[in-house]
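Just so it is clear, A, B, C, D and E label the chains in written order, and each chain counts residues from 1 on its own.
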């Protein structure tokens, strides 16, 4: 049985981990989910690595960086760490970051966090079980959260 | 007996290391603490690694970056190093940085350094002994130092 | 038989992977191509590494970063990851990124994505089969996509 | 006999290496010093690593970045490299960088380069022989070069 | 017989590789030179690593970043990669980058590319055969290309 890891934070203002788990359960059977919650996004890389060490074949790393420059810097550092984890383990870690200033108000932010997480959960499942489905959509302007972009 | 490492600096203007140790002792029994003080935040990554090498199962890395652009750059470099340490050792290093320009005056800065350190000490204990308590708070907007954010 | 890896994204708004494969097939015989599509550019480094692990002797990493600052940051992170992959594997990964704001409109963007991809496909073939052809052009201001620069 | 490495540059406008060696000799006996001079600050990381490989138990990396944005970027890259060296070797490398624009004129710049280097030489000795002395000063606002900051 | 590696690009607008080889041959006997040309500066790190793998004891990495922000970012990424190569191999890689906006016109740019390359070729020879000559010039404000800076 394949295992998916969910790394999330207490810093986030929405339960992205819960949404991810729900979407995975709805769309794939015979999957085990392991969840690991850390304080903030900069704790996500080692959490993702530990999830992989414990047998997860793919990990979703979920976080909500704040709107200040320091928050952007933290997100940048976390992203670099998440890429490093992937290269150290040859395993995908799908980063799902929702920046507070992407949305106009809390209502939209909540909608965005929920939707981006769920759409990326489907990406994780595709990478794990049906990578050819991603190739079918190559170069088509797929976005997670807001509307897809227009293919050229 | 589990051992927690405390890496701090002579550069900081407040004894964050002392506050961390006090908070840990108050909230966990049967824990050994090892402290390693270095000149500045860019010396913290190797200090954290050495603490882990000597048996610490988690490390707190405490620092107070100054307000200038070069200080921000140093903090960024230190943060990347702390993430690298974690990935090399599969061990959490809780970064507790208090930027001088986060507070309006010295009094608030002192309050912030003390409070953020103590709140992160509790995070360290939770990661070490009760990780499920963090999952209970996943996505609830927890902050360390200033007030928590509003969950969406 | 040598194998070239093509890593591309569903995020891109043009089928750069298709263009790369077409150009390779037109210009080299007895080559096998393996394609790996991921959601976004930050997923490219691990995809490139997996392609190399599966026997590819060179990889093209194709992506179309958006025009926002956060997109630039993602591209920067992806680029650092692609360089890391190369150093971990001693294998070239040709990065082909087309930034949305490089072109004045969608028509030019499409032209640029197509042309840069095809020109870099020729670079990949040269690196793999005829590295001396690149030395013949050393210092001559070669560009991929827009016009070459003027040699001094 | 313990060995301290001194990595410096021909780019610097002051003989920081000489000052470091003089301060070390004045304050510690039975120490061997090995010096390695490179062209610029971006050559310091590998120089520091080679010094450690040859038996140095701590290294001082001395440099004087210029005032332009590109100089700042070079310093940033060098700093990241110096942190990497430390994590690869579990050995401290004390970075002593004096930025040209920190001082108002050449006279102050010379004073700063001399003083910061000497103060950090004492830090290196403390880390090597008396780490407890640094813990005594933890959180007290120590600076190297300009005046110490005020403890909160 | 010692071997020096020359990594250069087809992107550069001047034959820096040719200038480097000429300067090396003029100033050192009994040296073998191996040249490796890649498309752009971000391909230089792996090229440098391959040159080292094939026996080069030092490498010069030659490039001419363009004047746009994205070019600066590419140069930054390449520089980080070149530092990583050095730390992975304990071997110097002398980065010789000439930024287009350093010169006022094409004539000066050509002069700068030629002169900086040749001056760094001498640094490479010094590092390889006479490191003590660099120590003699430590802290004297040496520059490559434009005039040396004034020692303090």
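Everything below uses one rule, namely that a residue touches a chain if its C-beta (ideal position, glycine included) is under 8 Å from a C-beta of that chain, and two chains touch if they have at least 3 such contacts.
These numbers come from a predicted model, not from an experiment.
Using the contact threshold fixed earlier, the set of chains in contact with both subunit D and subunit E is empty. Shared contact partners of subunit C and subunit D, listed by label: E. The best fit of Cα atoms from subunit B onto subunit E calls for a rotation angle of 145°, in steps of 5. Interface note: subunit B and subunit D, two copies of one sequence, contact each other through mostly non-matching residue numbers (shared numbers fall below half of all numbers used).
Subunit B and subunit C have centres, each the mean of its CA atoms, that are 41 Å apart.
Centres computed as Cα averages put subunit A at a distance of 25 Å from subunit B. Multi-chain contact residues of subunit B (touching two or more other chains) are listed as 80, 84. Viewed as a network of touching protein chains, the structure reduces to one closed ring of chains, two contacts apiece.
Around the ring, proceeding from subunit A in the sense that reaches subunit B first, the chains are ordered A, B, D, E, C. Interface residues of subunit B, counted against subunit A in their complex, comprise 72, 76, 79-80, 82-84, 86-87, 90-95, 99, 120, 123, 127, 131, 134-135, 137-144, 149-152.
In the complex of the two chains, the subunit A residues touching subunit B come out as 8-18, 35-39, 42-43, 45-46, 49-50, 53, 66, 70, 73-74, 77-78, 80-81, 84-85, 88, 106, 109-110, 113.
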